[in-house]
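Each chain carries a letter (A, B, C, D, E, F, G, H, I, J, K and L) given by its place in the written order, and its residues are counted from 1.
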Amino acid sequence: MAESPKPRVLVVHGPNLDRLGSREKEIYGDMSLADLNEEIRAVAAKLGLDCDIFQSNAEGDLVSKINSSGDAFDFLVINPGAYTHTSHALQDAIRASSLPAIEVHLSNIGAREPFRRHSVIAPACLGSIAGFGTFSYLMALEMALSLLEVREE
Amino acid sequence: MAESPKPRVLVVHGPNLDRLGSREKEIYGDMSLADLNEEIRAVAAKLGLDCDIFQSNAEGDLVSKINSSGDAFDFLVINPGAYTHTSHALQDAIRASSLPAIEVHLSNIGAREPFRRHSVIAPACLGSIAGFGTFSYLMALEMALSLLEVREE
Amino acid sequence: MAESPKPRVLVVHGPNLDRLGSREKEIYGDMSLADLNEEIRAVAAKLGLDCDIFQSNAEGDLVSKINSSGDAFDFLVINPGAYTHTSHALQDAIRASSLPAIEVHLSNIGAREPFRRHSVIAPACLGSIAGFGTFSYLMALEMALSLLEVREE
Amino acid sequence: MAESPKPRVLVVHGPNLDRLGSREKEIYGDMSLADLNEEIRAVAAKLGLDCDIFQSNAEGDLVSKINSSGDAFDFLVINPGAYTHTSHALQDAIRASSLPAIEVHLSNIGAREPFRRHSVIAPACLGSIAGFGTFSYLMALEMALSLLEVREE
Amino acid sequence: MAESPKPRVLVVHGPNLDRLGSREKEIYGDMSLADLNEEIRAVAAKLGLDCDIFQSNAEGDLVSKINSSGDAFDFLVINPGAYTHTSHALQDAIRASSLPAIEVHLSNIGAREPFRRHSVIAPACLGSIAGFGTFSYLMALEMALSLLEVREE
Amino acid sequence: MAESPKPRVLVVHGPNLDRLGSREKEIYGDMSLADLNEEIRAVAAKLGLDCDIFQSNAEGDLVSKINSSGDAFDFLVINPGAYTHTSHALQDAIRASSLPAIEVHLSNIGAREPFRRHSVIAPACLGSIAGFGTFSYLMALEMALSLLEVREE
Amino acid sequence: MAESPKPRVLVVHGPNLDRLGSREKEIYGDMSLADLNEEIRAVAAKLGLDCDIFQSNAEGDLVSKINSSGDAFDFLVINPGAYTHTSHALQDAIRASSLPAIEVHLSNIGAREPFRRHSVIAPACLGSIAGFGTFSYLMALEMALSLLEVREE
Amino acid sequence: MAESPKPRVLVVHGPNLDRLGSREKEIYGDMSLADLNEEIRAVAAKLGLDCDIFQSNAEGDLVSKINSSGDAFDFLVINPGAYTHTSHALQDAIRASSLPAIEVHLSNIGAREPFRRHSVIAPACLGSIAGFGTFSYLMALEMALSLLEVREE
Amino acid sequence: MAESPKPRVLVVHGPNLDRLGSREKEIYGDMSLADLNEEIRAVAAKLGLDCDIFQSNAEGDLVSKINSSGDAFDFLVINPGAYTHTSHALQDAIRASSLPAIEVHLSNIGAREPFRRHSVIAPACLGSIAGFGTFSYLMALEMALSLLEVREE
Amino acid sequence: MAESPKPRVLVVHGPNLDRLGSREKEIYGDMSLADLNEEIRAVAAKLGLDCDIFQSNAEGDLVSKINSSGDAFDFLVINPGAYTHTSHALQDAIRASSLPAIEVHLSNIGAREPFRRHSVIAPACLGSIAGFGTFSYLMALEMALSLLEVREE
Amino acid sequence: MAESPKPRVLVVHGPNLDRLGSREKEIYGDMSLADLNEEIRAVAAKLGLDCDIFQSNAEGDLVSKINSSGDAFDFLVINPGAYTHTSHALQDAIRASSLPAIEVHLSNIGAREPFRRHSVIAPACLGSIAGFGTFSYLMALEMALSLLEVREE
Amino acid sequence: MAESPKPRVLVVHGPNLDRLGSREKEIYGDMSLADLNEEIRAVAAKLGLDCDIFQSNAEGDLVSKINSSGDAFDFLVINPGAYTHTSHALQDAIRASSLPAIEVHLSNIGAREPFRRHSVIAPACLGSIAGFGTFSYLMALEMALSLLEVREE
C-alpha cells in the first residue's frame, strides 16, 4: 500500500546569515549556520518533513531559487534578512510561487531600528515569527506541518 | 522532597476578542473565546504551565491587570488587539512588569491595512507570532516554556 | 394577528458628552445630555423606533457595549467624540457588530483643528452627519428609519 | 396681509453628477440626475422652500454661480464632487457668499480612498451629510429649513 | 468672622503611576505612589491647600473624574502619563472643566523617545513642569497657590 | 452583407496643447496641434478607425466631453496635460465612461519635475505611453486597435 | 517720424476677484473690481502703458486667455487667486507664453493659512508683490514699465 | 556595395519575468517568457532589427549586462520589474551606457499599489510604455526603430 | 508754523548682502551694497522719508537692532537674506517692535530651491516684494510712504 | 571654620528677552527684564545662591558664554527663546558644559504655534518649566537648589 | 628576528565602477578602473600596506566578499556606489565583519540629488571621504594606515 | 628669480570647537583647539601652505569672516559644527566667496543622530572628510594642496 509522500519544505536564509554565530552574538546567539541547519534538519525529520535549505546573500539568487524550484515544495520558511525591508522582488517571487510561506526572524524586528520595523515581504506570507533566535525557524517548521495538515482535511 | 513550582503564564486578550468566533470568521476563524481559552488551558496543562487568562476591551484594565498581578507570573502572552498600534500605556506597563513577553496576533498584521503594520508594543516584548489564528497562542505557550527553561539553565 | 416589532436603535455617546450643555456652549449649544436624550427618545417614539441610549467616557466600555448588546439592535447611531480620531478598537467593534451605523457629530469636524478632520470610525459606518448640533442625532434617527425601510423592501 | 416669502435654497451639483444613475450604480445608485432633481423639487415644495438647482462639471462655473447669484438665496446645499478635495476657489466662493451651507455627498467619503477623506470645502460650511445616496440631499433640505427657522427666532 | 475657604486642588495621576517606586527606578526614582501622595498631602497642608488625589490607568476614568468632580475644585495638577501623547479626550475634558491646570511629568519628556516629546494635553494647560521626579508635583502645588493668589487680587 | 462598423476613438487633448509647436520646442517639438491632429486622422484612417478629436484648457470641459459623448465611442486616448497630476474629476469621468483608455504624454513625465511624476488619471486607464512626442498618440491608436481586436475575439 | 508703440500689459484676475469689495472687506478692502480696474487703467495711462484686463473664475479660461492672446502683449500681471496654490496648467501657460510676468496678491499670502503660503505659479514669474491690497497691482504696473525699459536698453 | 548594418537592440527583462505565463495570469497574461521572446524576435526581424534578449533576477547582473555590452547596441528596451522602484544602480548603469532607452511594463504600474507608481529608472529613459501586456515590448521595438530613424536623418 | 516731521524708515539688510555686486551677478546684479544704499537714500529723500540703513551677517545683531531702535522708526523694510527661512527670533523681533514691515528680496524666492520658498518672517510683515533686484527696495519705500499716508488719514 | 561656598547659578536669557515688559504684554506680562533680573537676584539671595545673569540676542554669544564661563558655575537656568526650536549649537554647548540645566519659558510653548512645541535644547537639560511667566525662573532657582542639595548628599 | 606583517586592506568598489573613465567624465574623471586600481596598489605599496581589490555590481557579491574574507583583512575601504543609499545588507555585513571601515565616494554625494545625500552605510563606518575623485581612495589608504598605527600603540 | 607665492588656506572652526579637548573626549578626542591649531600650522608649513585659522561660535561672524577676507585666500577648510545642518547663510557665503572648499568633521556625522546626517553646507563644497578626529583637518590640507596643484596644471 503506497504511503503518502512527506511534505516538502524549503527553508531560505537571506543575506548575512552565513555569518551566524561568529559575530554580534549578543543579538543573534552563538550557533553557526551549519549548526542551525543541522537542527532544522533534525526537527524536520522528527516532524516527518522533507526539508531543503538554501542561503544566499544575493537578492537575485533568493528570487531565482524560489522561482525555479518553488513548484517542488509544499511550504516556504524564509528569513529575508535585511532584504525584508526593501525587496519588492522577493515579495513578488513568493507571491508568484503560490507557496504558503512563513517569515521568520532571529531578532524581534519590531523592537529594533525604525527601518527594521516594516516588512515588505509580509503581504506575501501567511504569518511571521520573530525574536526567538534559532527557535523561530523550528517553530515555523512545526507550524508548517500544522497548517499543511489543516489544509489536507 | 519539594517539587519546583510550575511556571505561571498570564495570557491577556485585548479589545474585541470577546467577539471571537461570531464575526468576521474569514479573518479570525470560528472558534469562540471560550473554546480558545479551553484549548489554551489544555495545552498549558500538557506543557506543565500554570496559566491565567484575562480579557478586556479597556486599555486601562489591561494596564491595571499587568500592573497589579504581574509579580505573580513568570511570563506574559499578550494579544493587544487594536491597542497594538497606539497604546504607549500598555508598552509602559509591560516594560514596568519586567515580565518576558510574547506579542501574538490571530492575523498577519504586517499584511493588512497600513495602520495595523506597526506595533508600539513590540519594543517591550521578546518576540512576536502573528498570522496563525488560534495556533499563535499555543505556539507562544510552547515558546514561553522553552525560553523559561533556557533561563533556568 | 402579530404586529411586526419596532426597529431597535442603539444610540451611543462617547467621551465628554456627559458635560453637554454646561461648557463651551458656543460650540456645543446649551442643551444638557439629559435634555438631548429626552428629545432623542421623543423623536424615536414618533418615528416608531425602539431606542436605547448609552454614554461612556471609556473607550473600552463603548467597545464592550457594542460587543455585548449589538445583537439586540437593528441600527447604531454613534457620536464617538474624541475617540473618532484614534480608536481602531471602536472601528473594529462596529464592524464586528455588523450593525448598519451612522456617525454623528455635534460640530462640523471637517472645519475644526486638523486632528479632528480625520475619522478612523468612518470606514465602519454607512454615513456621517456632522455640524448640526443636537439635530445631528435626530436626523440620524430619521435616516435610520428610512434605511431600514429600504432594506425591508 | 403680506405673507413672508419662502426661503430660497440653491442646490449645487459638482462634476460628474450629470452621469448619475447610468454608471457605477453599486456606489451611486440608479436614480438619474433628472429624477433626483425632481425629488429635490418635490421635497422642497413640501417643506415650503423655493429651490434652484445648478449642475456643472467646471470648477469656474460653480464658483461663478455662487458669486453671481449667491445674494438671491438664503441657503446653499452643495455636493462638490471631486472638487471637494482640492478646490480652494470653491471654498473661497462659499465663504465670500456668506451663505449658510451644507456639504452633501452621495457616498461616505470618509470610508473611501484616502484622497477622498479630506474636504477643503468643509471649513466654509455649517455641516456635512455623507453616505446616504440621494437621501443626503433631501435631509439637507430639511436641515436647511430647521436652521433657517432657528435663525429667524 | 468667616474665614475664606481653602483653595481645593485636584491631583490626577495617569496610567502606570500605580507602579511608581517598584520598577525602572533609574528613571522614576524609588518613592512609591503612596509615599508620593503622602508628601503631596503634607506640602498641600503646609501651603494651606485642600487636596484630593486620584489615580487611574484608564483614560475614561480620568476623563470621568474631571468631568464629574471638576466643579468641586479650583485647580488641576495632572500627570497624564502615556496618555499625554494621544488623548484628545483628556484634552477636551480639561478644557471643558475650565480649571486652571498644570501638566507635570516625572521625567523630562522632551529628552526621551520622539513619541514622548509631543503633548496633546498642553493646549488645555497653563504650564508644564517636567523632569524633576516627584518634585515636579510639589512645585506644581506651590505654583498653583501662587497663580490662585494672583487671580484673587 | 452588412459591414461591421469602424471602431470609434475619442482623442482628447488637455490644457496648453493648443500652444503645441509654437513654444518650448526643445521639449514638445515643433509640430502644431493642427498638424498633429491631421497626422492622427491620417493614421486613424489607415488603421480603419473613426476618430474624433477634442481639445480644451478647461478641466470641466474635458469632463463634460467625456460624460456627454463617451457612449458614442469605443476607445479613449487622452493627454490630460497638467491636469494629470491633480484632476480627480477627470479620473472619475473616465471611470464613469467605462471606456477603455490610454493615457499619453509628449514628454517622459517620470523624468521631469517631481510633481509631474505622479498621475491621478492612471488608475482609470489601461495603460500609458509617455515620452515619444507626437508618436505617443500614434502608437496609442495602434494599440487601441489591437486591444479592440483582442476584445472582439 | 513713427512713434514707438506703447508697451501692452495684460492684467489677469483669477477666481473670486469678481466679488471684490462686497465681501470679507477686512481682508480685501472695500474697492470693487470695477473700481480697481478703473484705477489700473488710470495708472496705466499715466505710465504710458496699453492695458487689457481679464477676469475669470475658470482655470481653463485663464489658461486660454494667456494662450490665445499672449503674443499680443509685452507683459503679464496676474493675480491667480486660489489657483496660485494648485494650478500647474496656469504655470505651464505663463511659461509657454514667454511673457515676463509679475504675480500679485491683495493679501500677504505668506502670512495666511499654510496652504496659501506656497505658489506653484512663482517659478514662471519674474517676481511677486503681495499684501498691499489694490496697491499690489499698481506697483506691478510701475515695475512692469521699469523692467521693460531695462530690457529696451 | 556595403549595406548599412541593422540597428541592434538589447531587450532586458528584470526579476520574476522568468515566471511569466505560469502565475498571476490575470495580471500578466498566460504567455511564457520563451513565447514572448520568440515574438519579440519575430517582430524585430520584421522591423529589420538585430535583437539580443537578457533576463536576470539579479540587480547586479542587469547592471553588469548593460555595463559590459552596452557599447554593442544602439538601443535598450528594459522592463526593470520590481527594481523599477528602488534601483539607483540600474538608473546609473543606463545613464552611463548612453543608450537611448525605453522602460516597459506589462501592467499599468501607475494604477497599482502606491510603491509601484514611482520609477527611479525613468530619469534615465526616453520614454515609457506600460499596461499593454506583452504588446508593451513589441510597441517599444517599433518605437525604437522610429527613433533611430529620426536620429539618422 | 511747525512742519510735521518726516516719517522714519529703517532699512535692514541681512546676511551676505555685504557681498552684493561682487559675486553671483547673474542672480543679484552688479550693483554694490554701497551703491544700493546710496540709491535707497536718494529715493527716500525724494519721497520725503528719513531713512536709516543697517546691515549685518549676524542674526543676533539684526534682532538687537530692531529691538533697541525700533521705537525710533515708523516703518521697517527688511531683506532677511538666508535667515528668511529659519529665523523665528527675527520674526519675534519684528512682531515685538510693532513696526509695519515689508519683506523684500532681490530674487524671486518662490522660484528658487525648495528651502527658499518658505518665509518664517512673512507672518510678521504687511507684505512682500520679491524678484526685482534692487528695485524691490525702492518699491518698498514708495509703498511704505503710501501705507503711512493711508494710516495718517 | 571654613564655610562651604554658595552654589553658583548662571541664568541665561535668549533672544528678544531684552524687550520684556514693553511688548506683547498679554503673553509675556509687563515686568521688564531689569525688574525680572532684580527679582531673580532677590530670590537667589534668599535661597543662598550666587547668581550671574546674561542676556543676548545672538546664538553665538549664548554659546560662547556657556563655553567660556561654564566651569565657574554649578547650575544653568536657561530661557533659549526662539533658539529653543532650532539651535543645535546651544544644545551642544550645554551638553559640553556638563552643567545640570533647567530650560525655562515664560509661555507654555506646548500650547502655542506648532513650531514652538518642539525643543532641541531639551535633550541637554534635566527638566523644563514653562508657562508661568516670570515665576518660571524663580521656580527654577528653587529647583536648582533642591537638586544641588540632593547631589551633595 | 620576525618582522611584523604588513597591515592588509580590502578595497571594495560597488556598482558601475567598472565603467569608470569611459562615461560621465565630467563627474567621475577619465581614469579607468584598471588605472585607479594600479594607483591604489602603488600607493598601498609605498605605505607598506597589503592591498586586495574587489569590484562587483551585485549587492550580494559585495556582502559575500566581506562576509567570507573579512577575517583576512585589517581594514576596509569601500565605495558602495548606488547601494550607499539603500543597502541595509551591506551595512549589516560591514558591521558583522568588525573591520574598521572608511566609506569613499568619487563625487561629493552631499551636493548631488536628494536621494544621494543619505548613506545607510555610514553607521557601520569610522569615517567618510567624498568628492575628491580618485584621490578619495588614496587618502583613505593613508588614513587607514594612520588609524591602524594609532590602534597599535 | 621670483618665487611663486605660497597658496593661502583659510581654516574655519565653527561653534563649540573652542571647547575641544576639555569635554566629551570619547567623541572628540583630548586635543585642545590650541594644540590642533598648532598641528594644523605645522602640517601647513610642511606642505608649503600659508595658513590662517579662525574660530567663532557665531554664525554671523563665520559668514563675515568668509565675506570680508575670502579674496585673500586660495582655499577654504571649514568645520561648520552644529551650523552644518541649518545654516543657509553659511552656504551662501561659501558659494559667494567662490573659494574651493572642503567640509571637515571630527566625528562621522553620517553615523550620529538623524539631524546630524544632513549637511546644508555640502552643496557649496568640493568634498567632505568626516570621522577622523583632528586628522580630518590635516587630510584636508593635503587634499587642498593636491587640488590646487591640479588646477595649476
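Here are some notes:
The working rule: a contact is a pair of C-beta atoms (placed from the backbone, for glycine too) under 8 Å apart; a residue touches a chain by one contact, two chains touch by 3 or more.
Just so it is clear, the structure is predicted and the values come from calculations on it, not from any experiment.
Here the chain-to-chain distance from chain D to chain L, counted in touching steps, is 3.
The chain pair with the larger count of C-beta pairs in contact, out of C-E and E-J, is E-J. Between chain C and chain L the centroid-to-centroid distance comes to 65 Å (mean Cα coordinates, whole Å). For the pair chain C and chain J, the distance between mean C-alpha positions equals 50 Å. Distance between chain K and chain L, defined via averaged C-alpha coordinates, is recorded as 24 Å. Residue positions of chain L with contacts to 2 or more other chains are 58-61, 86. Here the chains touching each other pair up as A-B, A-H, A-K, B-C, B-E, C-D, C-E, D-F, D-G, E-J, F-G, F-H, G-I, H-K, I-J, I-L, J-L, K-L.
Residue ranges on chain G touching chain D, taken from their complex, read 14-16, 18-19, 22-24, 56-61, 81-83, 85-86, 115-116. Within the complex, the chain E residues that touch chain C are 58-61, 63-64, 67-68, 86-89, 91-93, 95-98, 120.
Across the complex, chain G meets chain I through its residues 102-103, 108, 110-111, 117-119, 122-132, 135-136, 139, 142-143, 146-147.
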